[in-house]
Amino acid sequence: MTELLLLSATGLMLSLFLGLLRVLLGPSAGDRMLATQLIGTVGVGMLLVLSVLLDEPALIDVALLLALLAAVAAAAFTGQQEARHD
Amino acid sequence: MINLASSILILAGLFFYLAGSIGLLRLPDLYTRLHALTKADNLGLGLLAAGLALHSQHLLTSLKLLLIWLAVLAASATSAHLIARQARRQETRR
Amino acid sequence: MTDAMIGLVALPLTGAVATLLLPRSATVVAIGAGLATTIAAALLLFGVANQGALHYEMGGWSTGLGITLRADGLSALLLMMTSLVALAASVYASAYFSAASERARFWPLWLLLWTSLNALFLSGDLFNLYVTLELLGLSAVALATLGGKRAAAEAALRYLLVGLLGSMLFLAGVSLIYAGYGTLDLATLPRVVEPGPIAWTALAMMTTGLLLKTALFPLHFWLPPAHASAPAPVSAVLSALVVKAAFYLVLRLWLDVFANVVTPVAANLLGLLGACAVLWGSWRALQAERLKLLAAWSTVAQLGYLFLFFPLLLALPPGPTRDLAAGGLVMLALTHGFAKAGLFLAIGVIQQRCGHDTIRDLDGTAQHLPATTFAIALAGVALIGLPPSGAFLGKWQLLAGAVETGQWLWLVVTATGSLLAAAYIFRVLGHAFGHQPYPNQPVTVAREEWPALLLTAMAALVLGLGGAPVWKLLEIGT
Amino acid sequence: MNTTNLLVFDGLLLFSIVGLAWASLATTDERRSVILFMAFGLVLAVAWGRLLAPDVALAEAAIGAGLSGALLLAAVRKQSPGSSHTHANPDRNYSESGAKVVLQWLVTLLCAALAGTLAWALLHALSSAPHDTLPRAISDNLVASGVSNPVTAVLLNFRAYDTLLELAVLLTAVLGIFSLGQTTPGYQPAGPVFDGLVRWLVPVLILTAGYLLWVGAHAPGGAFQAGATLAAAGVVLRLTGRSRIGLPDGFVLRIIMAAGVGVFLLVGLTLLLLGRPFLGYPPAWAGALILLIETAAMLSIAATLLLAFVGGQPQSTAVNAAANRQREENSRC
């Protein structure tokens, strides 16, 4: 099981890097925001895996907070766009 | 038995994560990328969380994992909609 | 007596919360809290004089685990000065701010500033000191912006950034100390600190941060605009107390905590910077066109004198001569605190009554506001260092120490600085006296003029004539 | 488990942190920079989790990934209203004079020298004998502190005085923000989809804040994390055009602002009157008193962060209603 979780953690890291590449490439703000959304989800996944790997249940709380606040960040981004175009 | 099931779920989750990220990078425009992202959010995290919940076998932990998944699901659906609508508006404006 | 230590922090803090919740009666509440705080400071001074150094373990947790408050002769004296200056400035402020909205904004921040000063002088813990520095810096900046003008906002922004940079440097030093020695307690550290990379780097970073906050040449650039554009009672406290608080920490670190780490070369560097501050500050004060700017540049110069003592104190062997010099340093700091606060309040009166503070156009001020002009003259006596001011005693010890250790340079600097101070003070007084008849009453606007008069009299007369107990109190170390 | 197995993961995590930090600073486009910074916050939260510091990870998640992203986006919006193309002027960045470049290099060199000195001293500090007296003292006294989370024990009991003064710092910050004047009217009212998000997100955030506050006694969490989460709920409300952002008016708002310091002082002084040391809780009561103080602190912290987000004193309700009416009329056209 440990090996599997290690593999998932590293795999998620790969996913993170692909997302980062998209953030850097863009080209539009929407693309970047999508990629940030992915990075948030990847971060949540990583924290969940780490919480089992390192035997630290509190990391699940961190993941929960991250998940909720990723929504706030997306809301801030799109809210800003809304305000701009209406 | 449970271990096997949870391993399979975690691996499947990882697969969708990677598929989603590759899609986000390789697909040609915003709308198709949007489609790829939802694979990672919905399926990737969902399967991963399900696998970990099986592994932990605590009710409270499983509930938290479910909540996390639901939060990400709803947030990604909403923001995907908003991002798409915004992109669409910019197109029609041009 | 230890309850007085709690009172010194809790009373102004309670006052701050109360003035925030009761904006209509804020002035009464604030003056009441200020009076109570001053009584606590007096109680603490008597307590230290009678019982020796005091300490209080917060929350009942032993030193090391919890935070310990400490008061020795030096901190008790500075706390007393803080309370007297702040109380006088509070009385003045109650007349200075007329609009209700201004008062509602001013009093909570004012009492928070007072809290931070008291907490700083009482703190016996390095991290706690960092927190008090943050509170001090932030409340001082917020008060400085109350002037409401664009120049004030710009100066305050620079003040904020300088303050943050200083705090960050201080915090970096503190973390280094904790990583190296595993304790933050000021009384434990002198026993464990030893010369080496950790102590050198930590002391250098903390000192640089504090020198920024105390505005020692060449880090003084932010002070004149910030102090000159703040409201008068705020300027008084900024110049008299806030920069002193950072200076007090330099003194504590160099003479107590890191006593076996500092080297004569480093102390000479501080002395040289102090000498530059004395000459440059006095020169700019002489050229200032506005009274407030003159007072602010004079602060830069007066802080320079305090740093001249460092090479002397390091060169003198422990004994009565060194104690006399240390007492002279504290006497000079106290005198400057009272004199500069009084000077800023007096300038505030002139600014409000005459509508400006341009030195060239002061003609006849002596006839309109005799008491205020007298206060400026008294402040001048203290700033120049004429007898019987406390500054005279302080400078006397500075000169005696310079002769004793053969460091003649400081003698020349002190003499030049005093001459320049005499020049800028007499320039103001020369403009202030005109040819109009004097009014029947010397004090024309009581609530505005008395605070300045009392503060400057304290500096020019009381400290000089009755200052002997200061040296006795300073023998009470931690 | 053996942490050396995570070596590859750690290396990649480190690389992504440094890369993101560099990218977000090197970017000239403000909006891209902000998005990169948000990603940086996300990765940093994971890193704190990896370092087994969930308290810090919670704070980083709340502040770094959530609030500061929203704050920075709002700042960028204020700076370039109406258009994202105004600052996309490539010439501006290349027309810098030589002196400025030299100055930049000097500053860089100075920073590098400073960092080098710090690293050198830190190396010495870490290689000197380990000091475990304080950690041992904390674990020895944990039973008497009323909570079982050592971080909360230090913050709210052993070094409660520090926290009291920190709350005073926050109060000062709010008062300073108030002197900046009143806030500008908020955002446009949101569409139905956005409103749907808000309808579930805000209650869940409030519940989470309560959970973090409660859990802080025995696990990572506490007033700061809870306050930041609560503030995030307010930010969401602000984004939907409610410019009161869930904050009350006048007197009640002032009570909330002062609650952290006020309750802390009240507890401390009451104990002093009862013959105990200032802030010296009786062990039997410590848990309850800490929860009381933390609840008040959470409200103050949330209010402070929110007021910092809107950047001024919220407009009074009357003005606000008028503005809303005006806005509705505008949107009808």
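Note that the chains take the letters A, B, C and D in the order they are written out, and that residue 1 is the start of every chain.
Here is the rule we go by: contacts are C-beta pairs under 8 Å (C-beta built on N, C-alpha and C of every residue); 3 or more make two chains touch, one makes a residue touch a chain.
Note that the coordinates shown come from a computational prediction; the quantities given were computed from them, not determined experimentally.
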For chain B and chain D, chains touching each: A
Most centrally placed chain, judged by C-alpha centres: D
Gap in Å, rounded to a whole number, between the CA centres of chain B and chain A: 10
CA centroid of chain C to CA centroid of chain D, Å: 33
Centre-to-centre distance between chain D and chain A (centres being mean Cα positions), rounded to whole Å: 19
Whole-Å separation of chain centres (CA-atom averages), chain B against chain C: 60
Residue numbers of chain A (touch at least two other chains): 19, 33, 35, 40, 57, 61, 64, 68, 70-71, 75, 77-78, 82
Chain D: positions in contact with at least two other chains: 194, 197, 201, 204
Residues of chain C touching at least two other chains: none
Set of all touching chain pairs, with the criterion as stated earlier: A-B, A-D, B-D, C-D
Complex interface listing, chain D residues touching chain C: 117-118, 120-122, 124-126, 128, 130-134, 137-138, 141, 157-162, 164-166, 168-169, 171-173, 175-176, 178-179, 251, 254-255, 257-258, 261-262, 265, 268-269, 272, 276-281
Interface residues, chain D side, partner chain A - complex: 1, 3, 5-6, 8-9, 12-13, 16, 19-20, 23, 31-32, 35-36, 38-39, 42-43, 45-46, 48-50, 52, 54, 57-58, 61-62, 65-67, 69-70, 73-74, 77, 82, 84, 187-188, 190-191, 194, 197-198, 201, 204-205, 208, 211-212, 215, 219-221, 225, 229, 232, 235-236, 239-240, 331
Chain B residues within the chain A interface of the complex: 3, 6-7, 10-11, 13-14, 17-18, 20-22, 24-25, 30, 33-34, 37, 40-41, 44-45, 48-49, 52, 55-56, 61, 64-65, 67-68, 71-72, 74-76, 78-80, 82-84, 86-87, 89-90
Residue ranges of chain A in contact with chain B within the complex: 1, 4-5, 7-8, 11-12, 14-15, 18-19, 21-22, 28, 30-31, 33-35, 37-38, 40-42, 44-45, 48-49, 52, 57, 60-61, 63-64, 67-68, 70-71, 74-75, 77-78, 81-82, 85
In the complex, chain D residues that touch chain B: 193-194, 196-197, 200-201, 204
